[in-house]
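In what comes next, chain A is part of two complexes: it sits with chain B in the first one and with chain C in the second one.
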Partner chain A sequence: MTTTTRPVKVKRTFEQTAWLWMRYSAFLLIPLAWGHMILQDVVVGVHNINADYAIQRIANLGWKIYDIFLLGFAFAHGMNGVRQVLRDYIRNPQTFQVVSIILLVVWFVITMMGAIALLAINQPLGG
Partner chain B sequence: MQVKLRVFRFDPEKDQKPRYDTFIMNVDPNDRVLDLLEYVKADFDPSLALRRSCAHGVCGSDAMRVNGRNYLACKVLVKNLNADTITVEPLLGLRVIKDLIVDMGPFFENYRSVLPYLINDEPLPADGKERLQTPEQQMRFEETTKCILCAACTTSCPSFWADDRYVGPAAIVNAHRFIFDSRDRGAEKRLNILNEQIGVWRCRTAFNCTEACPRDIHITQAIAEVKKAIITGKVE
Partner chain C sequence: MSSMKTTLEGYASYRGREGHWSFLLHRITGLGVVLFLAIHIVDTSFVYFAPKLYDEVLNVYRSTLFGLGEIALVFCLFFHGVNGLRIAYLDLFAPQNWTIEKTRRSTYIALIVTLVLWLPSAGIMLYKLLYHNYGLFGG
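This part shows the complex of A and B:
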C-alpha cells in the first residue's frame, strides 16, 4: 500500500453549492454564450437583426429553449458573481444570507418571466 | 550603488496619519532589504520598529511589502528588485501597531481555527512505538510542511483584505498539512470547518498567495486539493 484514500463525511453548505454552480453555469456558458455571439454578430450580423428576423427565430421551439437556457444560466452566473462581489462589502453573515436569498428569488422571477414570454409569443411568420 | 529607501512610519499613539521617511544611501547590490532597514536603525533613526529574528528566511517574522509585493525582508536582495527607489511598507489587511509591525492576532486566530495539529485518539501500534507511514504517504503532504507562518500569502489575498475572518491561504495550507497526513484522523472536522462561509469558498483563485510565498509552496494547488476533498468526500 502506497497511498491511502479515506472517505470523509462533509455536509453540503450553501457556499459550496453556490461555488459549484458558478462552475457548472460557466461551463454551459462556453457553448451557449459563444454560440449566441457567433450566430448573431458574425453569421447573421448585428445590422441584419430586425423584427422579422426575431420573429422568425422565436418561431422555432429549439431556439426558444436555447434562449431560455442562455437567459437562465447567464443570469444565474451573473447573479452568483455579483453575490461574490457583494460578499466583500457585507460583513454580517446573516445579512449576506438574506441578500443571497433575495438575489436567488430575483433570478428565479426574471428567468420565469423571460421563459413565459418566450414560450407565449407565437406570432405567425410575417404577421 | 545609490538607492532611495522610503520607509512607512506610523505610531498610532502619536501620529494622526502615516508618513514616509526617505533615506538616500550607498548600498551593495547584494545587500538584503533587511540590511537596509538595519542601516537606518543604526545610522539614522533607532526608533524604526520592525520584527526580525533569524535573518535567514527561516523564522518568518519579517514579512513586509517591498515595492508593493510581499517578501521576507531578509530574503530579498536589492539587486533583485531592479529599482533605485525601494519602498518598504507593513503587510496589508492587518492593523499597524507601529511602523512595519502589524497585529498578527487575526492571522493566528484563523490558523488555530483549522486545528493545525495531529489528531489521532486510536491506540498506538502493538509495539507501542511510532505510527508508521510510507515515504509516498509522507510525500503527499510534504509540500505544505514547509510553511513558516510568515503571513505573506494571507496578507496578499484580496478576500482577506475584504474580511479578516476569512481563514486565508496560510490556514488552509496548514490544514492541508494534516488533512492529507495518513496518520491523522481529524480531516473530517477540518474539512467541515473549511466548508463554511469563511472557509475555502472565499478563495477566488487569484494566485496572489502562490506568488507571495517565500517558501515557494504551491498554495493555490493545496487550496484546490482541499476544495476537491470537500466536494468528493474523499481524502486521496
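This part shows the complex of A and C:
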C-alpha cells in the first residue's frame, strides 16, 4: 500500500501571524527591555534621572535607535497581549472587534507620543 | 460580569498546579508591565512636550511607594521574560517537550532563574531607596 501526500498551501490567518510575532518579539525584547530596565532602574536609578539626563540620552543616535526598537516592539507586544487576555473574556465577536479597534487606537496614540518625543529631540540641553 | 465571576472562580479552584500557576503569573506580570509601560511612554514623552511636568513625575517615581512598586515591576519583567522565553522556545523549537512532567520542571527552572536575576536587582534598588529616601548607609 502506498500513501501519497498532497502539499496544501493554507493561508496564514492574522491570529496565527500575531501568535508567531508574540514569540519572535519575545526573543528581541529580552535584550531590549531587560537592558533598558537593568540600566535605568537598577544601575542608574530613578534618583539620578532627570530631564537633562533623558534628553542627553535621546539625543544620542545609538540610544535613539535602541529606544525606537524598544518602543515599537514592547508596546505592540504588550497591547496584543491585552487583546489576547480580553479575548478570553469577551464572548461576543462584535464586542471584541470594537474592543480591538479601541486598543489599536490607544496603541497608536501612545506610540506616536513616544515616537514624536524620540524623533524630535536631537541635541542635549544647551548643546 | 457573570462570566468574569465564573472566570475568577475557575482561576481560584482549578487544580492545574505548576502549569496553571505559571499561566496566571504570566498574565498578571504581563498586564502589570503593559499598564506601567503605557504610563511610562506618556510620562517619558513629557520630556519633549512638557519638561517641567517630566521632573514632577520623576519626583512621584522617587517616593517610597513607587520605589517598592518599581521593585515589583522588575520582578514582573524578569519573570515574564524568562517564562516567555520558555514558552517561545517550547512552541517554536521543542513542542514535543510540552508534557506535564517536563513542563512542571521547566516552570520551576523559570522561577529559579527569575529569582537569581531579581534578588540582586531588588537588593540594589532597596539599598538606593533607603539611601535616598531615609538617609541610611550615609545617604
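Simple rule for what comes next: the second predicted complex is superposed on the first by the 111 of 127 C-alpha atoms of A that agree within 3 Å, B and C clash if a C-alpha of one lies under 4 Å from a C-alpha of the other, contacts with A are read in each partner's own complex, and residues count from 1 in each chain.
The rule is short, and it goes like this: a contact is a pair of C-beta atoms (placed from the backbone, for glycine too) under 8 Å apart; a residue touches a chain by one contact, two chains touch by 3 or more.
What you see is a predicted model, and the numbers here were worked out from it, not measured in a lab.
In the overlay built on the shared chain, the residue A:D88 is in contact with chain B and with chain C. With both structures placed on the common chain, the touch criterion links A:M79 to chain C but leaves chain B unconnected.
Look at A:A54: by the touch rule set out above, it reaches chain C but stays clear of chain B.
Which of chain B and chain C touches more residues of chain A is settled by the count: it is C.
When the shared chain is aligned, chain B comes close enough to touch A:A18, but chain C does not. Shared-chain residue A:T4: touches chain B; no touch with chain C. In the overlay built on the shared chain, the residue A:I116 is in contact with chain C alone; chain B does not reach it. Touch criterion met: A:M37 reaches chain C, while chain B stays clear of it.
Of the residues of chain A, those at positions 88-89, 91 touch chain B in one of the two structures and chain C in the other.
Only residues 22-23, 26-27, 29-30, 33-34, 37-38, 41-42, 45-47, 49-51, 54-55, 58, 71, 74-75, 78-79, 81-82, 85, 88-89, 91, 106, 110-111, 113-114, 116-117, 120-121 of chain A touch chain C when the two sit together in their complex.
By the touch criterion given at the top, residues 134, 136-137, 140, 158-159, 162-163, 182, 187-188, 191-192, 195-197, 199, 201-202, 204, 227, 229-231, 233-236 of chain B touch chain A in their complex. Chain C makes touch with chain A in their complex at residues 3-4, 7, 27, 30-31, 33-34, 37-38, 41-42, 44-49, 51, 54-55, 58, 61-62, 67, 70, 73-74, 77-78, 81, 84-85, 87-88, 91-92, 121, 124-125, 128, 132. Chain A makes touch with chain B in their complex at residues 1-11, 13, 15-16, 18-20, 84, 87-89, 91, 93, 96.
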